[in-house]
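Questions regarding the structure given below will be posed in turn.
By written order: A, B, C, D and E. Residues from 1 in each chain.
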Amino acid sequence: GCGGNQSGKGDKQASGSGGEGGGGTFIVPVNADTTNCLTPYDAYGADDRLMTYGPCYDPLFIVNKDETRWYLAESLEAVADDGCHYQMKLRDGMTWHDGEPITVDDVIFSIKVLQDGSNATDASNVRYDGNDLTAEKIDDLTVNLTLAQPYSAFETEFGRLQIFPEHVFDGNTHIIDNTEALTKGIGSGPFKLKEINAGESIVYEKYDDYYREPASLDEVVIKVMPDESAQEAALQSGEISMMRITSQTKLEKYQSDDEYTVYNIPEGRLNYMAYNYQSPNMKDINARKAIALALNNEEIVQGAYGSEDLAIPATNFCSPENLYYNDEMKGYQQNIEEAKKLAEETGLTEKTLHYIYNQNRPNMKETAQIVQQQLKEIGVSVEIEGVDSSAFFQHLFASWITGTPVEDTSWDLATNGMDQLNADPASKLTSWTGDNLEIGFYVSPETKELWKKASQALTTEDRDKYYKELQVQMNEDYSMYPMANTNYVIAARKEFTGLNEIMRVPIFEDYTKIHMTN
Amino acid sequence: MDDLLKIEDLKISYYTYAGEVQSVRGVSFSVRKGETLAIVGESGCGKSVTAKSIMGLIQVPPGEIKEGSKILLKGKNLLEQSEKEWESYRGARCAMVFQDALTALNPTMRIGKQIAENITNHQKAGKDEVKKRVLEMLRLVGIADAKGCVKKYPHELSGGMRQRVMIATALAGNPEILIADEPTTALDVTIQAQIMDLLAEIQQKLGMTVILITHDLGVVANSADRVVVMYSGKVVETGTCTEIFEKHKHPYTWALLKAAPDMELGSKQKLVAIEGTPPDLILPPKGCPFAERCGHCMKICLETEAPRYTFSKDHSVFCWLYHPESGYTDITFDEGEIE
Amino acid sequence: MDKNQTIRIDKHSFDKVEKKEARAETRYERSVFRDVLRSLRENKLAIVCCVILAIIIIASLLAPLCPYDPDEQDVLSKLQPPSTKHWFGMDELGRDYFTRALYGGRISLTVGFLSMIMSVVIGTVIGTVSGYMGGKVDAFLMRFTDIFMSVPSFLLMVVINALFPPKVYSMVIILGLFEWCQIARITRAETLSLKERDFVLAAKHLGASNVRIMFRHIVPNMSSSIIVAGSLAVARAILTESTLSFMGLGVQLPKASWGTMLQGAQVYIMDTPWLAVFPGIFIVATVMSFNILGDALRNALEPKMTK
Amino acid sequence: MRNYIIKRFLQLIPVLILVSIFSFLIIHAAPGDPIQNYVKPGMSEEQIQTIREEYGVDGNIVKQYVAWVGHVVRGDLGTSIYKNRPVTELLAEKLPATLILMGAALLISLLVSIPLGLWAGLKKNKMTDNIISFLSYFGISVPQFWLAMILIIIFALTLEILPSGGMRTVNVDTTWDLLRHLVLPAVVLSFSNTAVFTRYIRSSTISQLEEDYVLTARSKGTSRYRILTRHVLKNCLLPIITLVGINLAGLVCGSFVIESVFSWPGIGRLAMDAVNSRDYPLIMGFTMFSCTILILGNFLADILYAVADPRIKQGMGKNNG
Amino acid sequence: MEERKPLLEVRHLKKYFGLGGKKELKAVDDVSFVIYKGETFGIVGESGCGKTTCGRTCIGVYDATGGEVLYDGKDIRKQTKQERKEFTRKVQMIFQDPYSSLDPRLKVHDIIAEGMQIHHLVSSKKEEETMVQRLLRQVGLNPEHAGRYVHEFSGGQRQRIGIARALAVDPEFLLCDEPISALDVSVQAQIINLLVRLQKERGLTSVFIAHDLSMVRHISDRVGVMYLGKIVELADSQELYSHPMHPYTQALLSAIPLPKPGKMASVNRIHLQGEPPSPVSPPKGCRFCTRCIHASKQCHQEEPELMETVPGHFTACHLYKKK
């Protein structure tokens, strides 16, 4: 059978008939307009982009806490034990959507594009602690990879690279201006591009020559829908097939509604509150401690998220999804008396702290307001300001972004989130612990030292040891306040199944797992 | 008597925020076929309202024509007509020319169309026929370039031309009665004379009945057969033109005539002024409306409305001075009498 | 002949009445203010609006009398529907929604009023000076006004909003900044016609200075237009504030304005619609009342209508 | 007439220049570095500088402005920093959707407000008038986004007769489908304009009905209906032309919100994205674009008005304020 | 009256209004006359012929486009600031429209006192009050009227307030611009009587503008007749009315409808043809030539000058050239 809109109302084709063996159209909403580029060279950190590229491009392989899943790559082996030399093999017989074979040349090309500064993209997949990964072709399917120094997160980072075809760009690694090629969307994944409706939607259709079992769905549509309530309306009217849920009310509503299935997928994300180490108000460790002790994390999570399905209180800089999660840590315990005392001693009570949050992220506003209220209890007044993503990151990561130390004391506290799906925290820490690149919160010299050791350690045991120490150290430094480990919760129309097997959110690693039933 | 139009006890009020404005308070007079009847009186005395009521143009929510008022056209009470009947009456049997021709013409409609409307409203006529008649009308009112005029908009014409167009419009329907409400007030003396001549000429040609409203006694003297003098919503004196100008009986008529300097005498003597202002129509005085400003005011004038005293077939006056007991039985107003 | 049988005539009826000294004037006690009041009183809708506005304003002023703290959270009872205890229910953080709506009214109304005052003052001064002085001054000021009229104000409001921290006063400034040009236009047009009026000419010919003419003769004579424009400006400012808030550019948390409340409610609109309904109704009722009052005032102040 | 048009047109230029300076200043005064989305860790100082130059965001503001104007004169609004595409191209791409929406909204406003306004004016102070007036007050007072949310709940979710957002159903490309998607956003966007127009037409109908020429027409025996259609209508509608010109601003700005709530792929959302990402060239491009629309709209309205109103045509050129 | 001292001399006065573009409206075009101390000078003419403009330009309310106005021998355009202020005190005007010439937002007291305040003619509030009350009584209003707003008054009363305002600064020259044309017949005489009385009492020099010829005749010593921005005839009023020379004056006088039935027919009515031309494009030659029954070829080409045809009687017409 096939999907389509022959059923009743024209806009309900998402829930239209799919045959036993599959079919159907799966419509995914994204918040930002991603229709202007279909080449995954700039996907870093932007959820919407990740979702957009997902159906069309496959990663090389994905390293998870428990397993490694192989996609375009067949194997990755260390060819020396200095932690710097690897050899990767691609699967045989894979083709791009235009029929050209997928080879090592494409891998090397993709690496070069990312490393080419003129493309202005993030190279963290292929550049580690400032040093480029080098690749050397052995044959069409084999490539040798060399690192400048050992890097614990290499496999995690490199594996998720979504390569793109060299021939489309005629081998020219400066691709940013090549609008035509960028929107061709010649990918390696289970779905190939059917049409782009600028600003509206991207329609992918099943790619029959896929190197694995072809997908069960006929089509995947990425639909641009910035407004959350519009998304919800669309979900209910069947115009989209699924949406992300961020509040307890909705969770309960969809859980109890037969029309929908709710999937609860850990996203390995930590939401934390940063103390601005540059702000004079936060320099004193006791000031940070006062704040940490004043907060009741349980209540914050309960208030802002409302359900364990959405988030659990975090105790620790790493998330439980992380390889080196230190599960012995308990987090900070609320102690109002102590907090009051410390706040008075450090003079916090006389000041007004400035708290910023990213208003484009869910649950942050609520968190901020609860923190504000809780700090009021110990006599610390806080003014909060929601800023949009770009301005927010400007505040938090100015030094990191520009590569030079930037003095920013306009804020004291900030809530942010970081995803740690990558099983190894190294890549995150790269940015925080580079030589002059402290971001947002306080990083002590001891922490830096520990990180260096951890990321360059060669054995898992060593890494585990150092990372666990690191977590304790950061806790003692009061370098940040871990708040919540969140889940990615999806409500999907009930005819779609298999969403729990997409493995990673929000990337939707494997669209072939999604089926449509009647 | 061949009264074409007879108005009996016409009472009209307007309801405003300030209260009920009794614009017309029991006016009666009649118009004979073929004559020119002038209504004079100062501003706000109810001349226009009376005229509008004859055309059935009183807006009913703010205004109200009181019970008992009658406007009889050949014996038929117009006030009992349906709206449909009014529509076929207006323009065809009775037409009106307004004071300010600029505002009275639709600014965004060509002259020709505005005139033609009066024709097409009342008779089924072909396009060419209508066109011909429009041109004929324009020529009748003395517009030489009738063809060019048809295509113009009102603002492109001078004041005198507009007034002519107004007259042409009114005449286009071949009405029996033409009401001219201050047709020349906005115009200069020389143009005024032209327009008045034109009206007289047309009246003679077509044998129309004309009701001329004005406050300029000079205009009246030159064109009216009979005159109705109004003051504060009431008729104070009626008579033929000569009777009014030479044998006037009402102190107001007299004062009105004396208020203008005499061109003949030309000396710098003091003008005869009527002191005070006309009464407020919201709370009109219960006696004679002019009593407060009248040099002959008697106690009874302030208390009771004056009855009608008739002096000839046409001449009658509403004034207590002519009551046999007043002691003024035979009054002629000389300069010395009222100071 | 004589139809006065019913009238009693006695001997003294025909006594001549001596001409009285110019009698005290006939009753003319009508004042503009009373006319306006009378006309407003006749306009039932306007009365209803006055009452609604009065209730909203007084309630907002009396907000501190509410038993609840607008910021106090009770996360366990969040998103409760309206009940006798919490009239408008609880919001997403378990705060009493009624109390917040009242405090929100304080902000929305403050923003509305202050920005109105700002735009009225700026607009009137610029419009009057421009219209009265004419020539180069006029050309300059009007080009200046044109700029404000021609830029897509909303976009710039958004940008400016990012520039200033979203405090109440910055909101006021931003709204005032883009509202005055309308008023400047209106006052300029009126000034142009007023300055040709004979009484201005008379004052000028008496040697009055420009400032005196502008502020003693012209501005008072435009007061009705200014009042009307002002009432509409309040309405528009409240609406724009709520739209900005809705776009996430509102006042600082945890303070609420009706707009920020709506923004918060938007996410929950499917599940807890009352969160959107209550502030929405407040906005509509207030803005509508100001609009209706503005129009009623216009009618009342229209000289044609009063006489 | 021709001179007037030319003169009036030339007057637009200084306004556009001033607006551009003004917007440039404001936009560049906003905090946030436009290229921060663009700079990625590990980039060198020179690379960053190159990028700055490329997007015209280096050097002092005067230099930036001059450079920008230089490009604009050549029809080049620069390259969007965030989207990395020519601004003109981006605008052109989104323009049809916005124009469809704005056009539909305008059309609805006029189609609804003209009969309603005339009717209300004719039945002044009667029940119909009161109801229409109340509705139009409501229309002016209701926040658009709020109305949008409510209408979505009613028509898309409860009654399920209209789609809740977007411009087309995926894989369906019919006009009918487009119309169905257009209904709600266009209605919401037109709402306040409809209300304003209705009020305006109502009051101008009332005042036109009080004009002397109506009395003249009646004295010719013209029926009420004919007076309304032949005499009053045109005179009432003339001022609406200007009103439409002025209200274009409302349409452009309204589309910001509406397009976001209804996921309408138009220019408004592009602008919001641009603001959020401090995409200076795109913001400027958008500002200049909508400003041009507004100015041209008003210009056209003036000309149209003059053409349609015989009184003005003559005195044209008289007011050069 | 041999020793007549000129108070206001007008020489070749021009006032054009720009209509945008190159078009100009020549409201007053090359007008010269003299007003002597103590006299009343009347100006008549059809509406729109430039009477108001002429009057206002003479007293400096409008800036002249050309020509000069000498007041007491001094050019009013070359006044110092101080002189200008003094001039605004000495020269006052009364307006045509009693409704628009009084500020509706001010009380009568403030309207009348404004001039005194500006020129510091009173030193205290008390004095100001007495002055205002005296003025009100002088113009026939009650002192208690001072506390009212103008809209509470009738047209005639308003015109009195306007007169009181003008008199408040104790002027020596009064421009009366159609002070009665907006008033009812019954009130006109009141105002005229008042003006005549005040002029006599205060020895004012005045200009009286009207289109009502009989009123002008009643009040003026000398009269100028305007047509389309020009003075076409100027003479003693007695002389002018009894021996009008310019065809236009003749037509004008003959067109006045006399309130005597049958009178009109006896006078030889001159029927003017056509409409007055627009001041934007006045005819070449004599302005009146388009409507004049005597118009000759010369009239269409040459503009006649204002000449003294009879002693004290000036006419601008080619008919009288030879004399």
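One rule holds in what follows: a contact is a pair of C-beta atoms (placed from the backbone, for glycine too) under 8 Å apart; a residue touches a chain by one contact, two chains touch by 3 or more.
The chain list, named the UniProt way, goes like this: B, E = ABC transporter ATP-binding protein; C, D = ABC transporter permease.
If you're wondering where the values come from, they're calculated on a predicted model, not measured in any experiment.
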When each step joins two chains that touch, the fewest steps from chain A to chain D (ABC transporter permease) total 1
By the contact definition above, name the pair with the higher C-beta contact count: C-D or B-C.
-> C-D
What is the distance in Å between the mean C-alpha positions of chain C (ABC transporter permease) and chain E?
-> 46
List the centre-to-centre spacing of chain A and chain C (ABC transporter permease) in whole Å, with centres computed as mean CA coordinates.
-> 49
Cα centre of chain A to Cα centre of chain B, whole Å, reads 90
At what distance in angstrom does the C-alpha mean of chain D (ABC transporter permease) lie from that of chain B?
-> 53
Chain B, residues touching no fewer than two other chains | 275, 277
Within chain D (ABC transporter permease), the set of residues that touch 2 or more other chains is 31-32, 149, 153, 157, 260
For chain C (ABC transporter permease), residue numbers touching 2 or more other chains are 22, 30, 162, 266, 269-270
Within the complex, chain A is touched by chain D (ABC transporter permease) residues 31-33, 36-45, 47-48, 50-51, 83-85, 93-94, 97, 149, 152-153, 156-157, 160, 163-172, 177, 180, 260-263, 265-266, 269-270, 273, 276-278
In the complex with chain E, residue positions of chain B that touch it = 42-43, 158, 160-161, 187-194, 196-197, 215-222, 241-242, 245-246, 255-257, 259-263, 266, 268, 270-275, 277-278, 293
Could you please specify the touching residues of chain B with respect to chain C (ABC transporter permease) in the complex?
-> 16-18, 275-277, 279-280, 283, 291, 295-304, 307-310, 320, 323, 325-327
Residue ranges of chain C (ABC transporter permease) in contact with chain B within the complex | 1-4, 7, 9, 12-17, 19, 22, 26-27, 30, 35, 38-39, 42, 305-307
What does chain E use to touch chain C (ABC transporter permease) in their complex?
-> 59, 61, 84-85, 88-89, 91-93, 95-97, 100-106, 114-115, 118-119, 140, 142, 145, 148-149, 151-153, 162, 165, 169
